[in-house]
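Both of the next two complexes hold chain A, though its partner changes from chain B to chain C.
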Partner chain A sequence: MTSSPATDPRSVAGKTLELSGGCDLLVVGAGPAGIAAARAAVETGAGVTLVDENPVPFDEMGEHVPQLWGGRMGAEIRNRTAMMERMLEVRPDLADLFDLGVDLRLGTACWGLFVNRANLGWMPGPVAGLRDAGGSSLVGFGAAVIATGRRDMGLAFPGWDLPGVIGAGAAQMLAGLNGALETRRAVVLGTTTEALLAARDLAAAGVDIAAIVEQAGAPQADAALVAEVEGQGIPVLFGEAPRGVTGDADGVTGLQLKGRAIACDSVLLGMGAVPMIDLLQAGGARTVFDAARGGFAPVLGPGGATSLPGVYAAGDCAGVWGAKSADPGIAAAEGAAAARAVLGQAAAAVAQPPEAPDLDGYRKGWVRAAVIEALEEMPVCLCEEVTARDILDVRPPRYLKAGAGRNAELSLSDILGDGPPDPDQIKRLTRAGMGPCQGRRCREQIQALLALREDLTLGAIPLAGYRSPVRPMTLAEIAPQREDPAIAEQWDSWFGMPRQWVPFWDVEPKYTVASLANRKDHVSE
Partner chain B sequence: MSVSNAKAEGAQVIVVGGGVTGLSTAFWLAEAGVDVLVLERGLVGWEASGRNGGGCSHHHSPLFPEEQRLWPVMDDLLGYPTEFRPDRIRIALNPTQYELYSRAVVNARHQGFAVDELDAQQVRDLVPLAGETAYAGHYYRFGGHANPHRTVQAYAWAIRDRGGRVMQHVAVTGFVTEGDRVTGVETDRGRFGCDHLVIAAGPQTARLAARLEVHIPMRSARAEMIVTEPLPLMPLGGIDGNGLYGRQTLRGNLAYGGGPHEWVETEALPDRDRPATPLAGHIARRLAELLPKAAHARVIRSWAGLIENTPDGRPVLDRPAPWSNLTVGSLSGVGFGLSPASGRALMQLVTAGRCDFADLSSLRLDRFSDLEPDWAALQGWLPAAALAV
Partner chain C sequence: MTRFNAFNLLKNAMSGHKNWTEQWPDSQPKSEYDVVIVGAGGHGLGAAYYLAKEHGITNIAVIDKGWLGGGNTGRNTTIIRSNYLYDESQRLFDHSVDLWQGLSQELNYNVMYSNRGCLMLAHTVHDVQSFKRHVHANRLNGVDNRWLTPEECKEYCPPINIAKDARYPVMGGALQERAGTARHDAVAWGYARGAAARGVDIIQNCAVTAIRRNAGGSVAGVETEKGFIKAKKVAVSASGHNSMVMATAGVRLPLESMPLQALVSEPVKPIFPCVVMSNAVHAYCSQSDKGELVIGSGTDQYVSYSQRGGLPLIEHTIAAISEVFPIFNRMRMLRKWGGITDNTPDRSPIIGKTPVQNLYVNCGWGTGGFKATPGSAHVFAYTIAKDEPHPINAPFTLERFRTGRLIDEAAAAAVAH
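On to the complex of A and B.
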């Protein structure tokens, strides 16, 4: 038999995805892990492309993508050229990569990973979607090391949407990477290692840290680090929680706690540092809730291999823990180990997270102390303005002008049905987490709210899915610059089947493939 | 109907599949006072039922008049909002599209539904986000769109409110039979007795029916959609065309799909991985052509769903032999909009053995009795991996 199988003309078969170049190794993220991975690979002669979305476009920063930037950026942040020069200045090992021949692209976000797997066979090979000032493009890659870092957990209290409420890690980035943090006097919420390191570094950079506030009775980080920041003259207050802020047209002017008020222009959220898994999870990498690694993190094999063939994770996106946050060498070792694995070299041992701190109790503690105390006052989901009360009552969005109805009298499980409450159900029904930030500011809070309500662990609450593009892009930007003409020639709004839309009074009583020889006009839905 | 098999753990009617077709069927059964239990392997409406354009204008179907009759009253019937809004404007950007879309209009008019022709200026007057790319359009004085997420949940809540039950996270592992009757469903949570079984499980329908030696030809494909950030509401949200289906949601987002699909293997086990691809960009390009004044709108998500298709792309609503108490329902990838009518038709097939408001003869399973055994290969409906072997 020489006849080739038939092709469905309206399917992807025979249509080409146009790529703009490719590389042996794509590294996403130019922090310690990404830099180490790129260096290790380029030194063996591999073609390496290293992209980093920083400096993030100003408009996107205004929407808190991908960090809780918090509106305390100086005007210089708009000068992207200056910001890129600054990045190379403060990360000299990044500049070195230029000389080694790495294709280094700053200001370039990776918005999607597309790798063939179950339910997808069309990709010509692994593909990444990139976006820079010139628009989006698709590049092929042999392997990828994803080193997208971490972000800060959000926490709703009255006024948390005002300029000056910033992620602690985001503030550190603005101060260190961008040199553009305008904060002069800040209160830090949380005593995680990451919060205390941010307080220490920002204090050293000249920010007046008025206090570190902890809702619990004891610090989450090691006593030695607490002693170190106290030694810098920073008071640590326990058993306190935010009740609101004072503010003016420029944002926060003070933080109101349960028992006292503190004048400050910024409140730094440091109660949770979370692996930035958006790109990996949207790309199909399996994830698991792992308290020892800071929350949902990719399922990893040797060298940081994710479940996606050829895709590795390194640095904070592979897991956040105190010792790793304190020592960039751990992330760098992970990056180098991932590169070794990509190159087929013997696996290198990397540090493993120690015994998990009580992440479950700690994050729930903050949500109980702040969000539950102000159920209806402040949106938890700022994009869609959904309060904790709306979430727990599963109220339809306000534009429907319909109250909670019977749901207000029912338990969450009666509303949502069997199984743990799923944040994606909540998203569909209340719109919490459905906005442009893809739930980056609200998802840990929603997870804790649902777990608290149903008396479950955080890990029992499923992850709300991320979707590509994991960075918002205009229709004009994401539209491909080149398109296989076959895509346009065969484009149909639905499957384009010869008989699907034929009116029921005009179809043959028996259907066979052979009967399609009897042509009928093509109809659309 | 007797209750002989409806033990405490069972129901008079068990519906396998908590998608929009199964839920609507169960709703209409519960509304009729039947004791009904829906078994869903994941969450209700999780698959393609909750991932579609929300359109409600299926002129080709024998269920079309009933679809049109029911949508305007569904909020009241269910007791929860579906976000249904009537009417649709379909915009053609060139004469070829206009001719194609006109054929659908002929079919609607044939059944007594009104459509106005619009010139380019009328399109621009009615659709603020349209622009110079418009060639002409059609204003459907019927149809419309609803919110799939809210609608599937409204069905589930309406079933609950009428004493029916919906179980999530329960996987069907087999069936119990006695002579020509299906008397129970085996699951990973035990056995449930029934007097009548409905299988309406989307892409899983064929696999489940095959366990009862009922063979429904079916293959699955992946299709994709995009959604933008909210934009100011247009007077009418049911705007599409240029090879796209979709709508502006009541929140203001533009949610659209269209273009190539990919044939895939239907997996036996639940898996949330429904890969979206760079086809999002190709959809975005066409949306920016359709609504040029929205070209600045940002895409904030894309997603994919798996859709079952019979060989002719038309539904199967039937009581297949040799069983005396089995009903199967697959809407073949076009299930959401028709769901109020398809569920009511399936309810009647269950309770009366026939549908009194639509001629379902074109939707019988035996129309495939002469189908070529290798039909999927002949139509090019095999996944790339299967072709490579």
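On to the complex of A and C.
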């Protein structure tokens, strides 16, 4: 008699998901912070993998992943190889990392972080979900530095769904990183440092910046920077707000302000640069609203340590503020400090944000000036076509057609209860933020609308949760289809009536129930 | 309260948004209620609604530690069916389907009940035998269910791959045409509106920390984050957290809480006409009215209170879905999430009285509580009001785990539990 195996080879026992490789340090995002972190770590001999989702696949850019691209991408963006070459060209320090032995993966998005916690005990260690043109894979890592950067706040006004309404940061990326911005004449909304820097750089690159528009009476950024862009011949208009756009099949042809109209082919949204915390928050890192750091940002310890063990944040995703946006050296120092912390070296001091600007009043001011004072209704959540009034009134989604009849008399807000309104609750009730753009274009506006309605600060409105995958993925990409052959061939051996009382070691190796399907004696009619 | 319109939005905007009247009244709980219901999901709100409407009890508070409908009510895949094996289950779930038919009219709120049919695919000989047994058992009880050949399955739901060499070959299917889906949030809000209109207090963001008992052992009330609330009767329907709440009253429940996961894809035009379930791999799929594919998975194989859920199971589910419906391979998945299910050993619920006088529990729904919402709430309200079970929920006692009179849908379902 032969000895029986301890576990059934057809069972899933002991067969955790296959990891395709691993690294000591995973760096997500190849901006200044990510590059510095990768460099600092690889120079000590650590195995470093650096991933960056740029160049983003063209069809996903059309759905505003991960930035508000606004349909002003040039045709050359379809050529991914050229875009990768361009990235290495404009970021020579990225090319250097190749020579240092960093496993550099461009065009690779990180869609999920899974760090061992209560319900993830099965994993051999922390795991990241990566996705590139070839599909999805899981990669183990020892530590991670997340440097996913920032994202532009969206702002609704009539016609903001037209091609040509772009995030200011997105436009800067298209012009710099990709060299594929199809904008000739633009109006910039907002006077944040990030907006003015975008205006300055784009003007230097040959884009005609027709005006910078500010709803408030004074600029948000330093007077010196305002003077600098005014010195480039760009007028800055205060006390103005968008009322609508004119457009044709190709998108925006002009911007209508309260008091004047300006011909332009693009409107750049620069009223807010927000840390891109989706990956961290979906992975379980604690976040806090911090006006000094540009909105919801991860709770950080020494070296940029997040609340997830072994996961660090650096660069804009750890906090956006004017001085940092103006000087990439700050982000790079944060990246290097995070790498030092990962390697167990003494923590390096990094620049701290100055006293918080009036983020609350400024962002709410823009939403009030553009969305609430708009002369016609337009969607704030473009994907699901939810207007500001739908959100404030907490109206059921339109496809329910609940507006007609007696339902219209009864507002859901009647029975909403205590505490501040929660965007996750508003999302369920109105569908705002549930569309294919995964809420990137509307979440700050919804936050501001709810705060305005309740007369609360932005920070009093909870963060609408992010969920993995933080980038849309096809089912074919995420389904692994890598099974143990014993499972694949005999997966149903436990289901068969003739075999269910037979110990697994006595089941014939070639037995499968499906193979018996044509034998009538096994099928009871 | 104020009705919003463009004019007063504008007017308030001009005056710096200082003149809004309170829209979200800070409802402080009263010091005493006839009935306190713990858990403002569909089952709890529904019980409050039926208590008020059918039993004349309106001095009720429904208390939730989060906001109403934020737990499993808003996290499930909205499947409604009643094709269970045992007579007791069929009565309970078919009572629910009966109520679903008229729920939108009853609540004057469109819950979008759609009886688009539910097709359960058989992938193995065992599935075939088991499902045919279900079909016979259902038809004997007048519950609609019929057997389809693989070709008939394909005709009923064209996206199904019935190739003989498929990873999970389709050997037939059981179709319940009265089954379907509803919009889950609308169910919670419909019941909440109906109950609130009848005077029920809905107290959100207020965790119940303990159930307090009198010296004689009967229920005295609940300790909450907002202080003690006296109650003549306390009813608990807190899904994944039932066992924790009940433990504070000294009642041990035979429950294990596990995460169950689901995901949605991007919206597309109508392509998927029904609900399809595959019990062998425990994956199920339907298309929402917005056009998203809603895909559900099995419970994680470990006990947890996380509303996220592990990765391996969802990959397993997607692999199966991609195989059964190759047409969906290129659809994009937008997000996944988890809810906490409370599972009994026989995978049937517990609805009824407890060893503590005037304490009632409605729990153990495992992965299938949404479909039962109206029926369960209806008989639970009856049980609370009369202090005796409705004939439909009489078999679903806590006692059955002592006496052994189980309703063993766990073994019957052929689900990869």
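One rule holds in what follows: the second predicted complex is superposed on the first by the 449 of 525 C-alpha atoms of A that agree within 3 Å, B and C clash if a C-alpha of one lies under 4 Å from a C-alpha of the other, contacts with A are read in each partner's own complex, and residues count from 1 in each chain.
Assume contacts are C-beta pairs under 8 Å (C-beta built on N, C-alpha and C of every residue); 3 or more make two chains touch, one makes a residue touch a chain.
These numbers come from a predicted model, not from an experiment.
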Who does A:96 touch here: chain B (first), chain C (second), both, or neither? neither
Touching partner for A:425 - first (chain B), second (chain C), both, neither: both
Who does A:454 touch here: chain B (first), chain C (second), both, or neither? second
Under the stated touch criterion, which partner chain does A:250 make contact with: chain B (first), chain C (second), both, or neither? neither
When the two structures are overlaid on chain A, which partner does A:76 contact: first (chain B), second (chain C), both, or neither? neither
Taking the superposition on A as described, I'd like to know which of chain B and chain C A:43 touches: first, second, both or neither. neither
Touched partner set for A:6, first chain B, second chain C, both or neither: first
Name the contact category of A:358: first (chain B only), second (chain C only), both, or neither. neither
Once the shared chain is lined up, is A:503 touching chain B (first), chain C (second), both, or neither of them? first
Which parts of chain A are in contact with chain B and also with chain C? 17, 112, 114, 117-122, 127, 129, 138, 284, 384, 396-397, 399-400, 402, 406, 414-415, 417-419, 422, 424-425, 428-429, 431, 435-436, 438, 467-469, 472-476, 478-480, 483, 492, 495, 497, 500, 513-514, 522-524
Can you list the residues on chain A that touch chain B in the complex? 5-13, 15, 17, 112, 114, 117-123, 127, 129, 136, 138, 282, 284, 384, 396-397, 399-400, 402, 405-406, 414-415, 417-419, 422, 424-425, 428-429, 431, 435-436, 438, 465, 467-469, 472-476, 478-480, 483, 487, 490-495, 497, 499-504, 507, 509-514, 521-525
Of all residues in chain B, which touch chain A in the complex? 43-44, 50, 55, 58-62, 79-81, 83, 100-101, 103-104, 107, 110, 149-150, 153, 156-157, 160-161, 166-170, 221-223, 228-229, 240, 243-245, 250-251, 257-265, 267, 271-282, 284-288, 294-304, 306, 309, 311-314, 332-334, 359, 362, 367-372, 375, 377-385, 387
Counting only contacts in the complex, chain C reaches chain A at residues 1, 3-6, 9-10, 13, 17-18, 20, 23-24, 26-27, 67-70, 74, 108-110, 112, 123-129, 132, 167, 169, 171, 183, 185-186, 189, 192-193, 196, 202-206, 259, 265-267, 280, 289-290, 300, 302, 304-306, 308-312, 314-315, 318-319, 321-322, 328-337, 414
Touching residues of chain A toward chain C in the complex: what are they? 16-17, 112, 114, 117-122, 127, 129, 138, 284, 368, 372-373, 377, 384, 388-389, 392-393, 396-397, 399-402, 406-407, 410-419, 421-422, 424-425, 428-429, 431, 435-436, 438, 452-455, 467-469, 472-476, 478-481, 483, 488, 492, 495-497, 500, 513-514, 516-517, 522-524
